[in-house]
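For reference, chains read A, B, C, D and E in written order, and residue numbers begin at 1 within each chain.
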Amino acid sequence: MLLGKVVGTLVSTRKDEKLEGLKFLVVRQINVENQETGGYVVAVDSVQAGVGDVVLYATGSSARQTVLTDKRPCDAVIMAVVDTWEVNGQVKYRKE
Amino acid sequence: MLLGKVVGTLVSTRKDEKLEGLKFLVVRQINVENQETGGYVVAVDSVQAGVGDVVLYATGSSARQTVLTDKRPCDAVIMAVVDTWEVNGQVKYRKE
Amino acid sequence: MLLGKVVGTLVSTRKDEKLEGLKFLVVRQINVENQETGGYVVAVDSVQAGVGDVVLYATGSSARQTVLTDKRPCDAVIMAVVDTWEVNGQVKYRKE
Amino acid sequence: MLLGKVVGTLVSTRKDEKLEGLKFLVVRQINVENQETGGYVVAVDSVQAGVGDVVLYATGSSARQTVLTDKRPCDAVIMAVVDTWEVNGQVKYRKE
Amino acid sequence: MLLGKVVGTLVSTRKDEKLEGLKFLVVRQINVENQETGGYVVAVDSVQAGVGDVVLYATGSSARQTVLTDKRPCDAVIMAVVDTWEVNGQVKYRKE
């Protein structure tokens, strides 16, 4: 899994029928120092994340293992909102 | 999923039999600022996208989860035409 | 899928038994401008492609969806010989 | 599989129900010279690894093949703690 | 599949039970010119390859399609020892 920050939302009305009802979030990738890396992904939200949340997302077939995304053409899912992480004993992020 | 702009079409007559009837589109990758990143993919179209459309595409095994691409040797599918997205409250793209 | 140009062949006699009978081709990746990008892949040929052909190849589990590669330890397959593609109305390649 | 060094832990309380009970570790990627490469992954721990351990991790659908991660939205798993490796006859790492 | 050169071995005693009995090899990636590219992978050996061998390896779920790696948390497998390959009619490598 990679870390990301939810920065926005995406709307699509013309889409594959299997995508009906899914919410798409725009996620900027961040590294373990909590810095943006320049990468991004558009991910389906399975945990009611919101703009500003720091999240974990899974990609590939693992993105279809939530109840919400099962058998859907989805290759990225937000499956956890992050509370905190630390590196070498230092807290790098803590959700307020 | 990643964002892309459909820029062209591709034709192949000699192909695996499981690919019969699929339409291939040439897609340039774009980032969340709606800028081309230099990358591309040739994707199967599942939503009747056209040249000029901004789309979402899925890759890997997730690209085989549409009715159209089920069990086919396809690793990239356009499964949504994008209406709009925003980042930090700013609209970055809106379909005309 | 990505575009590639078949540039050579590879021979292996000591290999997993599930690979018996497959032909391996050396493929240089090309971009939508029909320029080599420096990347490559060794792919199984499912369409009798030859050196010099411009092809589409699929990777990952999708590479096992042809009849030829089903359930084999193959992560890249050539599943189409390209006739032509165009970008923004310009033909970028046409098979002679 | 790639080599990594476990450098920290991550906590999430709001997560997909299928992730309950899994431990997330922050892993910096290392190369065969035992140097950090700048990359990272957040991986599920299946072998009771701890901060400071050098580990092997698997990604993609292979990350769901441990008993612990079966059918869960997990795309990276630590499945081995490394004792030692050598390159061209030179020991590059040995667990103390 | 990609080309690699086996340069070493890796030992792990604490590992997922499904990995028992597998041999891990350290593989440096090479390109079609038979030059190292800086990348590497730790792969399971399914063909009794040895240090110094030039090999083909498969990644992702395809790495689990050998009899040896079936249903194991393995995302890279050596499934062929390379005898020779050529590019544009020139032999780039030949096993001695």
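The rule is short, and it goes like this: a residue touches a chain if its C-beta (ideal position, glycine included) is under 8 Å from a C-beta of that chain, and two chains touch if they have at least 3 such contacts.
Please read these numbers as outputs of a predicted model, since none were measured by experiment.
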Copies chain A and chain C - rotation angle from C-alpha fit, nearest 5 degrees: 145
Chain B and chain E, separation of their C-alpha mean positions in angstrom: 32
Intercentroid distance (Cα basis), chain C paired with chain B, Å: 20
Junction residues of chain A - those touching two or more other chains: 60-61, 63-64
Chain order, ring traversed from chain D with chain E following: D, E, C, B, A
Contact footprint of chain B on chain C as seen in their complex: 1-3, 31-32, 46-48, 56, 58-67, 69, 77, 79-89, 92
Partner chain E, residues of chain C touching it in the complex: 7-19, 24, 26, 28, 40-43, 51, 60-61, 63-64, 71-76
